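Chain nomenclature is as follows: A, B, C and D, assigned in order of appearance, with residue numbering initiated at 1 for each chain independently.
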Amino acid sequence: MNFGSDNTAGAHPAVLRALVECNEGAMASYGADPVSQRAEAAIREVLGWPEAVVRFVATGTAANALVCAQFAPSYGRIYCHDAAHIHRDECAAPEFYSHGAKLVPLAGEAGRIAPQGLAGAIGFGAAGSLNDGANALVSITNATEWGTVYAPDEVAALADVTHAAGLALHMDGARFANAVAGLGCAPADLLRGVDALCFGGTKNGALAAEAVVIADPARAQGLDYRRKQSGHVWSKQRFLAAQMLALVTDGLWLDLARRANAMAAALAQAIVAAGGALVVPVEANEVFARIPAHVHALLGAHGVGHSLWQEQPPAAGEPVVIRLVTSWATHEDDVARFRHLLDQG
Amino acid sequence: MNFGSDNTAGAHPAVLRALVECNEGAMASYGADPVSQRAEAAIREVLGWPEAVVRFVATGTAANALVCAQFAPSYGRIYCHDAAHIHRDECAAPEFYSHGAKLVPLAGEAGRIAPQGLAGAIGFGAAGSLNDGANALVSITNATEWGTVYAPDEVAALADVTHAAGLALHMDGARFANAVAGLGCAPADLLRGVDALCFGGTKNGALAAEAVVIADPARAQGLDYRRKQSGHVWSKQRFLAAQMLALVTDGLWLDLARRANAMAAALAQAIVAAGGALVVPVEANEVFARIPAHVHALLGAHGVGHSLWQEQPPAAGEPVVIRLVTSWATHEDDVARFRHLLDQG
Amino acid sequence: MNFGSDNTAGAHPAVLRALVECNEGAMASYGADPVSQRAEAAIREVLGWPEAVVRFVATGTAANALVCAQFAPSYGRIYCHDAAHIHRDECAAPEFYSHGAKLVPLAGEAGRIAPQGLAGAIGFGAAGSLNDGANALVSITNATEWGTVYAPDEVAALADVTHAAGLALHMDGARFANAVAGLGCAPADLLRGVDALCFGGTKNGALAAEAVVIADPARAQGLDYRRKQSGHVWSKQRFLAAQMLALVTDGLWLDLARRANAMAAALAQAIVAAGGALVVPVEANEVFARIPAHVHALLGAHGVGHSLWQEQPPAAGEPVVIRLVTSWATHEDDVARFRHLLDQG
Amino acid sequence: MNFGSDNTAGAHPAVLRALVECNEGAMASYGADPVSQRAEAAIREVLGWPEAVVRFVATGTAANALVCAQFAPSYGRIYCHDAAHIHRDECAAPEFYSHGAKLVPLAGEAGRIAPQGLAGAIGFGAAGSLNDGANALVSITNATEWGTVYAPDEVAALADVTHAAGLALHMDGARFANAVAGLGCAPADLLRGVDALCFGGTKNGALAAEAVVIADPARAQGLDYRRKQSGHVWSKQRFLAAQMLALVTDGLWLDLARRANAMAAALAQAIVAAGGALVVPVEANEVFARIPAHVHALLGAHGVGHSLWQEQPPAAGEPVVIRLVTSWATHEDDVARFRHLLDQG
């Protein structure tokens, strides 16, 4: 049982099969191959963005940082949640790619920025002097770093605030599949007002594949050069594109996300039954819970992969906040064993 | 018949098998997995660098640029051949990663820098004022961009000049396998005095895999942060490592390179037989040849993939300089058909 | 009466005289002139740092950003107070110069970081993964952005925490003169454990001059190239050096700072007498005070230059927080008129 | 006699007077002062660019690098003469500011790029793949680094080539005054088709002052942020602006340049009379000449400041190529003594 992260799983068999299948024969390099063309078209269709520019990279950090550099100059301000992956977990990749853009972290309940808080923060920046830099981009994560989701209307409301002030809206969609699956909405509904989506494949079942998707081609100018200059253009790009194509074919990406979400819900139930309390609602594939010390001890004793989610080391006898993550590969048996373990505790 | 590049081929079946094999079960992410550990150890052994730091990335541009940034500050000077891939073909990735380092291109016959020319250039930089920047790195490519190779003594001589002036020596080894195979030497022989090797896997039969190898761990400090900050750390890194591991297992990498080299030699023979002339000796897997106009027309008529290798468009009736590249996937039948085609011409 | 900033004043006559005096005849350019040599030596002596590397630039932002880049790699973490000028007011210059270093803002009363808070923050970073970047630099401002000062022991305590964790300590000394004057200590006392000082001249009476001072020459390697590459090396550098030399000659810098501090103290007294309350103690040349609405109206009516120091616009009838800054040029008459104005109110 | 450079001279008295005059009283900081406003207006008028954005910085390197970053993205190509100051003498500042833009050096007689050569080079870049980066900017220097000048029609012809290919044209005018004075044309004549001028003040008699001038305000967007982020916005900007204002008032800048040019012409005459040969025509304030060994020995013996202008050290008895530069401060007496010295030789 490993609920440490959704990137400790391997790749879905369909993704591996796609690699083998597209291996035959010579193909044009650097993205001029037919697999890339098909994958780009398929993603445009799935997202309901017929004009979008779609480009593939291997990591979410690369995808996010490229978008940041695309929309924010070196003196730009990028607003995001204080828990945002781009702010907390990417080793300052957005700053590196943009040559200095300032990430401005915002508070917000359960990993979500609220429109009013955003409006206030942007307004402060806009009123500022040269000292502050220039407003450029708002970045939200969906599903969020706290495993919650923005609903379509919430995204649209943030987009309104963002655009009213002349900024662009980026969605870090490392777990976009989980958000869509959790909401049961159409992908396009969740993208109203979004200017750029980093559409995650890796956590969803790929080996290493993400799509940078920019809705308006006019705003994607130079993106290919940025990818090249940062070393993210594969010569044999068919192998990157084939992964994403396999995922979006026949709805596999949503099937996998639904499974992961269902497993997370089941874990949450087991935790509550064992006397734990959810820290935030479980709306995607992550569970954040405060669990009794003896339950935490149980997890340790049985080697159940999980993350400690508090700044301080746990004090003896005190409840502990943990994070559990499920993936496409999480099996019902894993969850059953987890429940059984906690029942015993 | 496609001799346009060695990156139009797919991946070697053994590499794909390795991906499938390492897919089973959960593994630690970000390089802490056993496959990565094994691959790193295998490469240290193959190269005869027992202490080296080995890290994996997906593209040669990333590998080269990371090494440039590792050894050259923003105000550093990087000496390379005028035809160097880092100077001509990487969209200024070294400048981007290093934040401004200056590439100083040097002349040199058949793609090779000569020790004397290097010494002169470095000396000029060393004598210079702040205006010139600071000497930092020498970068050579082996096999070179002209399909020739530096022999072990030539590398060692360049290393002597480099180190005497206090710089470090980088080898862009996108086709290192072809160089080793062509020379029939031990890899370690070809690395005497080299401080960092970008050990290419992609052209050699991987989907997308290169190893950044730094001989002295003390000089690799911060490299992991650089990889992370530039978005080149895969969460499921086993899939990157497994490719390189498959190649260096049981000498596959050299078998594949020998095949590619042999095919290039055969192409060269056919060209000479048809009245063409080699522009430089064929020492690895590339052929640069001046061919009669009617032969060039033949290639066009039969759709034989190749590159034009001259700045001016071909003039009617005049000979044309072309480049042909072979790969692990080039088949004897391809060469036979090529020869047959030229014989007819 | 203009108490809006200490950079609205002109230059002290002695500084202008120094420019005129050093204008005679040809001198070597780019810092090899005798004025620069004398100024560097004088600053080493004044600071009690006999080995220090001293270099001149025209702005505090340049000085701070150069030090940040000197001590922090692109993936470095720089800890500073949440109100730090480098974090709030320099348009992300540290990020630009360092190519992405992450500024980590810390809370702290009255503009000062506390050793314990610093230790906790650094420790968190040190324990972190690649995601967090690497600990690099601690930056404190003295006098602080809130017009308070760190005493010698407080600086030393922060230095201990900083060095114990392997980081370097930077002091933004845009108002270093005011801190030294306010404390009445020797400059060297205030620099125990400091690795780099940005020694401000502009707010102290120069036209535009600051000194970057690095205590240990071994850590100043490359600094000159950084200055050059960022366009901060003056060809006629005598004119930059002469300003700083004039200030540190015969203790002028401290005389000017003492005057500014005394004027601030007098303003504070007048404010308290008029029913205002100091937000933080006045320890240098800045006054932060909450003043009754009718007093604020008085300032406005009489065009007294000041800054509003609260995020929200003032509500009718409510007290208002303002900042007043004095400089070398603030005259007793200005203060007397200010007091008179408030007395009337 | 010091003809080593035009930056070994001090500042013209009128410039120093202007500093003293503008020192009185408090003024708004960061460029909002009346002196800056007047200086900007005066420069717009002098250049005949009524809409231009004019901004002041202290060094030519800063001015050039800011323009490069303004017009070239990190993946941009900047075409310039092989001898260009931005390419040879600015420690890769353009690369640093632009975050990696590639300088593409072009050959060209006497320091001048020819339209045909430029067209060929740009065309090659335009046809290229992602590997080459994107065409962005052409930069010419007037007067050139070889002391020659582009005439109005030559500039216009280069502008045509540049704009036809969609690039912008930058003029490094560190010695713009000398070019205008040499040609006797109106400044506006020399700026037809130029998009950005770095208008030099320092070599012309300022302490340290240059103006970045961008003809079309729409292309200057973000420039102020760039200046701020790179530490080139002075808080007491009146002192920067006053220098440029003094120079352009009543044609002083052209008077000074005419003097410098005349002195250079006289030096050239003396050299030719002494058996030397000009390497390029003397069209501004620099003399490049091949002089007999015994004349070179004379210069050395009498401590005449000059630069050696050849890569190799001089061989005994062989002629030597030197550079002499005159400035606003070069006196007729200096030239007379120089002539006298050579006459004796």
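We take it that contacts are C-beta pairs under 8 Å (C-beta built on N, C-alpha and C of every residue); 3 or more make two chains touch, one makes a residue touch a chain.
Everything quoted here is computed from the prediction, not taken from an experiment.
Over half of the residue-numbered contact pairs of B-C are shared by just one pair in A-B, A-D or B-D, which is A-D. Taking each chain's centre as the mean of its C-alpha atoms, the one that lies farthest from the centre of subunit D is A. Separating the CA-averaged centres of subunit C and subunit D is a span of 34 Å.
For the pair subunit A and subunit C, the distance between C-alpha centroids works out to 41 Å. Taking each chain's centre as the average of its CA atoms, subunit A and subunit D sit 50 Å apart. Residue positions of subunit D touching 2 or more other chains: 74-75, 90-93, 96, 99-100, 130-131, 133, 225, 228-229, 233. Looking at the complex, you find that subunit B touches subunit D at residues 74-75, 88-93, 95-96, 99-102, 124, 130-133, 311. For subunit C in complex with subunit D, the touching residues are 2, 5, 7-11, 13, 16, 19-20, 22-29, 57-63, 65-66, 90-93, 96, 202-203, 207-208, 225, 228-236, 238-240, 305, 329. The touching residues of subunit C, when paired with subunit B in their complex, are 30, 73-75, 99-100, 129-131, 133-134, 222, 224-226, 228-229, 233.
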